[in-house]
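Take a look at the structures below.
Each of the next two complexes has subunit A plus one more chain, namely subunit B in the first and subunit C in the second.
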Partner chain A sequence: MTKILLRDKLDDCLTRWHAAGFDVVGPVRKNNISQYATVKKAGELDLGIILPDRTLKDLFFPQTEPMFSYRISKQKIDTEEYLPPGRQRIIFGARACDASAMAIDDPLFGWDYQDTYWFKRRNETVIVTIACTAADEFCMCTSLKLAPDSTQGSDILLRPLGDNRGWQVEELTDRGREAFSRIEALLEESPAQTAALADVPIKFDLDLCREWLQNPENFESHFWKEISMRCIGCGTCTFLCPTCHCFDFQDEGDTYTGIRRKNWDSCSFALFTMHTSGRNPRSTQSARWRQRIMHKFNYFPGKFNLNSCSGCGRCTRECPVDMGIIETLQEITKLSQ
Partner chain B sequence: MSIQEQYRKKAAELLSSGEVKLVIGYGSGSTPDRRRALFARTADDAALFHVDAACDANLSGYLVNEGLLSDKKKIGIFLKPEGIRSVNILAAESQLDPDQIVILGFTEENGTVSGLQGTQASDFTSLMTALKENRTTSEKEQALVDKIEAMTPQERFAFWQAEFEKCIKCYACRQVCPMCYCKRCIVDNNQPQWVHTSSHTLGNFEWNLVRAFHLSGRCVECGGCDRACPVNIPLRLINRRMANEVLDAFDHFSGMNQNQEPVLASFKKDDPETFIL
Partner chain C sequence: MTDNTQNGRQNIYKPAIMKIVAKRDEAPGVKTLRLEFQNPADHEQFKQRYRTGMFGLYGIYGEGESTFCVASPETRNEYIECTFRQSGRVTAALASAEIGDLVTYRGPYGNRFPIEDFYGKNLLFIAGGIALPPTRSVIWSCLDQRDKFGKITIVYGARTVADLVYKHELEEWQNRSDIELVLTVDPGGESPDWQHRIGFVPSILEQAAPSAENCIAVLCGPPIMIKFTLISLGKLGFNEENVYTTLENRMKCGVGKCGRCNVGSVYICKEGPVFTAAEVSRMPAGDL
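For the complex of A and B:
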């Protein structure tokens, strides 16, 4: 006997969570794009999809974020700091790859400096993940040693029931337990069987790839040029990646008054490494692609013992020229065999 | 022989005879319905080319990749009519020498591809005239266009605001576009900062307006940006509207030939002056 949450109780859950002061966020399809967005009613949630087009990082690390405003006068400099609005949130229906991605980025944002914006939102959010029963040809969590029911980054894991009437509830953290105590009365005890998880075949050998990437001889390999020849250097694969976290600061306004903002940036852009002198140490797209792969599968694991990839597959699914990391890592696996 | 077989053979001949150093075409993609750019250097590589209805990308943008044409050697490339128009514009704007480009032209209609006669951009002049005379829009697309045209300015603004709010400034629309070859795009300039780099509604509007204007009379409606946009902003609607404007006002159909003057950078005495008070 385990605890289950029935689908038809979802509206009542939302009412109780709203009453307890939580915003409820989940996958929503609107305006021809699916993303995690705030909902009022359960009917707005689009839980039947494989995964949303946009990622969970949008909710913790938005594409543009005001940090403070400044006003400089002869006598003094006034600043006003902006902090994310302090709202408790429940994300209902995250995917395991997206939730894992948040756990992957936690050490990054808390390494030499605690990123206030990231951790404030992380601490105010309960992530309720639904394990996947379907995957597409780009899903690759298993290649990253994760799974459709990985628990990293999640506060609650829901396993779909075989009859699709609801989910088996697995409470993972105190924050999750606290949120679910609000809907305790709506949960049931049941012996119902859970549905089979999505079958996600392993696409490359991560350990072999890491070994190859660690070998300094391969840094200048012709492979990088060949594999990235068609890359057009856009921001699609980085901006739609739940773990990519690079940003840039921009002062909007003039010398005397304005706003400092933190904006997404991408290692795929030529401008990313451009010096003020005009010299660009990563002057070719192949050097930029190498950086992306090296960072995710060599440097990041070297520093944090985690791959900076949760296998959501968006980089490959959405790349306008059909690149993405799957092929690159498959080719590296072949090279190192 | 199917058009695919013919073109594989032709590409192989071009490469083995040494007439071209490279052929840019379409190879298989990561799923059966995807095609991707394939760069063939040997006759063996040429056997991997596909020519079918799934070959939708306009590959001409690769021609202006830094240094690719600077050795004066020729390059073969698979192009649909829109791609040939792009080559004409790139030639007119001094970005390439059309004599270096050997075209393997093809066209697609209702899922069937057929080859085009000619190998030089200048061989396709009558095709360009025909395209200009017969601009077509699917019924579904026309319905959407009509819906937007029928809106009040406020409604139309709200429509585009909702669309541009989705923009993440990934610049895939720019990077994929053969006409967006500027070494430094105006949005990447910061001395002065003409355009907000932030991806907020204002910054997104600014970017999309800059894109629309800079491509007026230069866009060939290959649809590359529209397909590339990861958040599905219907960029083709903007492109079509701007193409209609320059056609109506200046009788300008972009990429007709290699001598065409850029419509927004040239002046004729009989240009309409409807907007000058």
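For the complex of A and C:
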């Protein structure tokens, strides 16, 4: 006997969660972009898609976010902090790759110094993941040693039932249990047959790739130039990456009043590393692509024992010149064999 | 969160406010500001944490933040001095700020020079141009406890006589009998009354030929100078483990999150900016 959440009870669940003070967020199509956004009714949820165009990162680390305002007068600077609003929220219908990505970035935003903006939102959010029963040719979670039903980063895992009537509920964390206690009366206890998980073939050998990347000789390999030759440096892969975390600060305003913002930045851009003198340690697109791959699959795992990639495949799916992590790691796998 | 690792700050991106209490022209386009904390708690945190070698992010609201070393030594932590060349938006705003104006500061961040490991040793400081400020911070940290060290040699060069910074301190060091100061300017950069050496730092260093015996070298300068000076230090018999330098890269957060300052796997803002030459030589040269 397992706990079952039936699809036709979803509207009642949302009502109870709303009544308990939770915002509910899920995959929806908004402004013609598939993304995680706040919903009022279960009918708004777009649960049939493989994964949203945009990632869960947007909800914890927005593309642009005001950090604080400043007001300068003679001999005085007043600042006001804009901290996240402090509302509890439930993300219903996250994909396992997107949920994993949040757990991957936790150590980054927390090593020695805590990023208040990230952790405030992380602590206010319950992530309810639905395991994938469908995938496309860009999905690569299994290549990252994750799976369509990975629990990393999730508070609740829902496994779709074979008859599509709902989901089997796996409570993973106290936070998840607390949120689901609010809808306890709507859950059923019954035997359940879960649907087959998506078949996601392994596309490259991650261990071989890591080994190749760790070899100092390969840092200057001609491979980097060849593989990145068609990169136009648009940054799409970084903006649509659930784990890419690079940012910039910008002041908007004038000498007297304004706002300091934290904005996404990208290692694909030449300006990202350019010194004031004009000297740029990563002056070519190939050096920047190398940085991106090295960071995700060598430096980051070296520091945090996690790959900075959860295998969502958006970098490759959305690349305007059909490059991406899949091709690069497939080629590195070939080079290592 | 009030633990020490957060610099006592809830929001690590929110700077402290400091007042400009002194301002000095060092060289064309180069200025030094002396800053004092406005909030005693910020000052207390700074005093507890600051060690020579660390850096900070200095800024003006509306313009942004720039990363410079703390040019004043840990032995003089009642204030912060920073020296910078006016070259962009933030430095232009800092350069035009007047005594009494308020600026922002985040830090101190990064690692430090392990000065207590230098006790009992001879010290060789080598600096080029505007890289004297980080070196000067170490120099004063050592001069303020002079009896703990052996012979102290300073080799400092700039493109022209005008480009030498901290001229008043160079004069002070010149007049001290417990320091050997070697000054040089690049060929063509001398003035008619220039009394010191003419030549590039690496060759002048080889001429001065300080002994590598029981000696620690601290080397700061532009990348090209560092490259050739390391070769000269090698010729003089210096072991890479005994040569310290600082790396600088573009930074935004200063705390290992914004993702741009790494050389290979090493984050300059967290594991640096102070490295031994041996550590630098293990980094991928193509990323430096």
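Heads up, the rule we're going with is that the second predicted complex is superposed on the first by the 337 of 337 C-alpha atoms of A that agree within 3 Å, B and C clash if a C-alpha of one lies under 4 Å from a C-alpha of the other, contacts with A are read in each partner's own complex, and residues count from 1 in each chain.
Basically, a residue touches a chain if its C-beta (ideal position, glycine included) is under 8 Å from a C-beta of that chain, and two chains touch if they have at least 3 such contacts.
These numbers come from a predicted model, not from an experiment.
Annotation for the three-chain superposition on subunit A: subunit B and subunit C fit side by side.
With both structures placed on the common chain, the touch criterion links A:N32 to subunit B but leaves subunit C unconnected.
In the superposed model, A:T255 lies in contact with subunit C only, and not with subunit B. Between subunit B and subunit C, it is C that contacts the larger number of residues in subunit A.
By the touch criterion stated above, A:D8 is placed in contact with neither subunit B nor subunit C.
In the superposition on chain A, A:T316 contacts subunit B only, with no contact to subunit C. When the two structures are aligned on the shared chain, A:D174 is found in touch with neither subunit B nor subunit C.
Contact with subunit C, but none with subunit B, is seen for A:T273 once the two complexes are overlaid on the shared chain.
In the superposition on chain A, A:T236 makes contact with subunit B only, while subunit C stays out of contact range. With both structures placed on the common chain, the touch criterion links A:E137 to subunit B but leaves subunit C unconnected. In the superposition on chain A, A:E327 contacts subunit B only, with no contact to subunit C.
Following the chain A superposition, subunit B and subunit C show a smallest Cα-Cα distance of 6 angstrom. Once the two complexes are overlaid on chain A, the subunit A residues touched by subunit B in the first and by subunit C in the second are 248, 250. Within the complex formed with subunit B, the residues of subunit A that make contact are 31-33, 53-54, 63-64, 137-138, 229-230, 232-236, 239-240, 248, 250, 252, 261, 263-264, 266, 269, 271, 316, 318, 320-324, 326-327.
Residue ranges on subunit A touching subunit C, taken from their complex, read 67-68, 70, 72, 75-77, 79, 81, 83, 108-109, 111-116, 216, 219-220, 245-251, 253-256, 258, 260, 262, 265, 267, 272-277, 279, 281-282, 287, 291, 294-295, 298-299, 302-303.
Of all the residues in subunit C, the ones that touch subunit A in their complex are 1, 5-7, 10-14, 17, 61-66, 87-88, 91, 100, 102, 104, 223, 248-250, 252-253, 255-265, 270, 284, 286-288.
Subunit B meets subunit A in the complex at residues 29-31, 34-37, 39, 57, 61-62, 162-163, 166, 168-172, 174-176, 188, 196-200, 203, 224, 227-228, 230-232.
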